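Look for subunit A in each of the two complexes below; its partner is subunit B in the first and subunit C in the second.
And now, the complex of A and B:
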């Protein structure tokens, strides 16, 4: 990774990195007065203690249903990620083309749950909905990462090839083998994300774990919730055991058989969706005029898009800052410079659980416990992303060799040695995560927090897909914009 | 690997096509706790299958909109809609007809409920002191949990709920509305009076923590709606047979699971008042 190059001359780099973080902190502080952080639930402890008691005595609902849901969760994850790898790889080869780059940015800037809501409108509850909801955005992500990985392999082997070597041969014999381990490890990481996404798709009706989690949770069956969550953690934590080179093809081939049967696809619906449903309402009638289209657009912009965008922005900036603070205070828990191997175990356990719980699920749970406000969203985003960045930063800190005169007191060592030396890596992770947090913030609106997802969900509930699609595209533009800023900042601070 | 995927995809599409053999599929708006809905509609599915002599399947969905969409997409042929969702569905599927409604449905109403900490009690009108409290609807697409409460709030206070209350939420369904107002997460809520009465009768509500403070005037609500092209697919007279089957549901256990005392014929025009109100509130174009 590139940031390690900066290690040689840190003294010149840190002030800028620190300044960047201070700016983000200031922005977050400025947002706080506008953020609704109230705990409106009268007694959050009652529900929380019931949930914890559920974990003491988890109770499995019908085992056959749970096994089906687990298999469906895996099936959608594998098939979706598998399809995305293939498409993403092809797209990566054309990534030099700016149009292609823009197309991929658009694919990945729309959250998988939004994709699912779109596909649901014409495929209905068919396996294809879940498959594509994962495959489409992930293909965009893979395209970018694969292109970057293929770009970074040493160029010498390719330069030694005879001049008339074909493109495909050059790719297959030089770049691909060199990039292979990185491609595989990234795919494996993404598979874990895919399992989380797949579980979440249950919230909109697909037969994965989220389906039963939502049912049990909304009815207050906490022992069942606990059992489902524990199963989910075991599934993610044991990935290394069941995911082997030889099991991967088995999972891919098997996955279509475990996605549930759903309802039949009727292709006329697809045509209707694209030719009528998403055409702006004023253009559908016979008396279409520019004026009516402009009125329609301004109306949506002022009543829905602007409040949605505003809330999404302030919420995600606050969440980003809290995520950063959280990650910085968590990473020592798994750093070998701070704790013995045994001492690091609880930290590892906490970070694994926190980072494998999807934000959406955490926010859902916290909303029930704390009542409706932005607070549950901030906490959920900070816990999930903070644990992830804390884990990555902690792992990075373990690669550091301490100076021989490093402070002996743990707090001093953290402040004067570990923190400064891991800081550039930490900041890179944060900048990369900024766009992800923004995307997740938007989607949390579906749960009732008034970010842009709230207005998307309302439009869908009112069967106004033209409005929904417009709002989804506005959310996508926001994410693309933030991604561009993040990369610019990133470049400026690497120098 | 690509081949494998293509094969998987083809297989899925093929099985999709095979399933298109006319199993008669129905769904219902998820207005209540899911476990209750599943029990209720599984019984209905068994009853219809026996009466209609054709394979009948119930498909649960996660939102009101999904019910309408499934009906519109012809992935379900029959649905137990609320007033608003039925109006929307029939507008989107020309030819579809309201077949039957519960005996109580022409005179349906909503209850406004309040957490005891507010100190509010039952009255003829909503008191002016509800201003700036927190309030939750049920689902965004509900008639008794959203449309009618919003309509009467606008009528009485002359402003939108967002302006009237300090916070407005959407609990998702009527059971959640009770739970959220009982816990104090919201101070006020509005819901389907049948769900409230059933929950009180079953002892699922702590009435020392949450009470009814106002009931709305009556309006038409739930109904069974069938797509219009059924006779061509399932044979002449099928629509009437479905209607008869619904009207003949007399098993007390089945009826009490709704809970309705019986079913009576309905027509599309019965729900005209709902359509008018929905247009006024801006939930219909």
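And now, the complex of A and C:
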């Protein structure tokens, strides 16, 4: 039957999930005119080809140094994550308390490099700086995830326990064993993140991989850069081989011995940091007044915080959209519904490399190649996060059982079967990643892009820690705010 | 003497009433069987009784409430977590106490599970899991049993063995069943629920299989 009158024809409305994505895309498009996407280096291809040639003929610097750097990278990762797991678990048990939830949100909304910059001021280049820089934000992350996991455990076993069973007994006999596999797999995933974070800490002077990468790169020794990167990929990719149930405690116990000596802590500095450095400048003198404090505050807000927040916002929105497009086009590469096992190999290889390269490192390399602008940051964020979400979505698509008469043409199959079925999972990965991208965008400022990290870094260089701390707190508020929005969108999408 | 007195308001969830108000006095020594089609409100009533009288009751829920990753022994021991202090519970979790194992082994033997003491519950069959939940209730030592289809996954003779074990062990019980003959064999008082209302409450002696079949 044909409709003769258009009035009778029911109107099609895009599903909610699609409309959400389109809004994000529109916002990103609106941001582009304000984003500096220029390629400013004279000839990016020369450096790029030299870097690629380095990968053809990688060259190790002193092997003993490299081994020490790899061990230090692992040591900081294990000790930091280990400490965070313990603290995070205890925090998770009190997660119902709103004050505790806010406290954990604050811990995790400050990037590990910011934590490192803070701890550097009073512990100096001591192993404690690296350990806490990882442990503190990760404890906040673990607290939230552990609390969620413990919450999702079936309730019946605990309900059948006799009345008056003690809190800890009930926890140890029911909730903990029920949640155990999820806790372990999440911790193992986080350990991989910890190794990346630990490598990056080298950029602020700790003896991990990043330290040697930066020094080789800045001197233009590309074969050395390539060798270090390849070793790093091998280390991450072979995690399943060396990380076993019985090796884990060995690594934890052994890690303090491989963090390097560092410099001794000067406790006077610690005291000075809290009593003077972070006290807002106008309050330090004897003639402190409300007016001078307000002037100080508005001055920082207008000259540094506002441009920093603005640039962080537009850059992260553009990066988020590109990440999504990238992930959606990448995930079929590792989907069993699109390619044969052999055909999926290149996709797997690319995704492994792209997702194990920290965005900070990628941005650092791309900045050297393309020159200072926001473009390297967008590409770096999109490659790392897009590959990660592409991998998760692809893995999700492999769990789908297609009917026997599913469309034969790959594009039909993608659009009609795979995309609609994996889309909800994809969208929730993206919403979860939004806050992470925002946090990373802020930190990329340390490399010279004018996001809020740039202003934090400049304040630290000028030894104005009061300003740095204020800016870090503003960045943290921004992340907490985005996290709240993301969760609200997520709920509206599910509900 | 009345062991449990239940006077409930309308029961349900999500604002939907599943069961109209119920008033019941359960005497000590009474074995009460709840009958009715699935979804009629039996489980709702049972859960209500449990939440109101947690102290005296041992519960075998329909979902069993087992912790899959722990051993049969630990799942049964959980029935007495509140009897022991935290330290003993901890120690027993890491290294089962010989005295506790000796208490639990005879139970396992009577339930035909003696070779499964330290097997992981996840590795058991449906019938075996159900018997573990039964053993946990027996071990708890509560005075009243509340059981939701406790023998649904067991075959005939096995089911009868478990039912008579429960019968000997608890002199007061509220058990939901869907097998009419078994209800008459083990219950002293039968309650039938239909469309969210109690439609029959009689001593089992006065009932026959035919009258009860009417409720299915």
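Observations
Definition applied: the second predicted complex is superposed on the first by the 479 of 495 C-alpha atoms of A that agree within 3 Å, B and C clash if a C-alpha of one lies under 4 Å from a C-alpha of the other, contacts with A are read in each partner's own complex, and residues count from 1 in each chain.
Convention: contacts are C-beta pairs under 8 Å (C-beta built on N, C-alpha and C of every residue); 3 or more make two chains touch, one makes a residue touch a chain.
Predicted, not measured: the structure shown is a model, and the values here were computed from it.
By the touch criterion defined above, A:252 reaches subunit B but does not reach subunit C.
Look at A:164: by the touch rule set out above, it reaches subunit C but stays clear of subunit B. Within the superposed three-chain model, A:205 lies in touch with subunit B and out of touch with subunit C [touch as defined at top]. In the superposition on chain A, contact of A:461 is made with subunit B only, not with subunit C.
When the shared chain is aligned, no partner comes close enough to touch A:407: not subunit B, not subunit C. Judged by the number of subunit A residues each one touches, B leads among subunit B and subunit C.
In the superposed model, A:307 makes contact with neither subunit B nor subunit C.
Common to the subunit B and subunit C interfaces on subunit A is no residue.
Of all residues in subunit C, only 50, 54-55, 58-61, 63-70, 74, 77-86, 89-90, 93, 133, 136, 140, 142 touch subunit A in the complex they form.
The touching residues of subunit A, when paired with subunit C in their complex, are 154, 156-157, 159-166, 168-170, 172-174, 177-178, 180-181. On the side of subunit A, the complex with subunit B involves touching residues 40-43, 46-47, 79, 82-83, 86, 120-122, 124-128, 131, 203-205, 211, 214-215, 218-220, 249, 252-253, 255-256, 259, 261-266, 269, 281, 371-373, 448, 457-458, 460-463.
Residues 1-2, 4-5, 8-9, 11-13, 15-17, 19-20, 25, 33-35, 59, 61-66, 68-70, 72-76, 88, 92, 115, 117, 134, 139-141, 167, 169-170, 172-173, 175-176, 179, 183-186, 283, 285 of subunit B are the ones touching subunit A in the complex.
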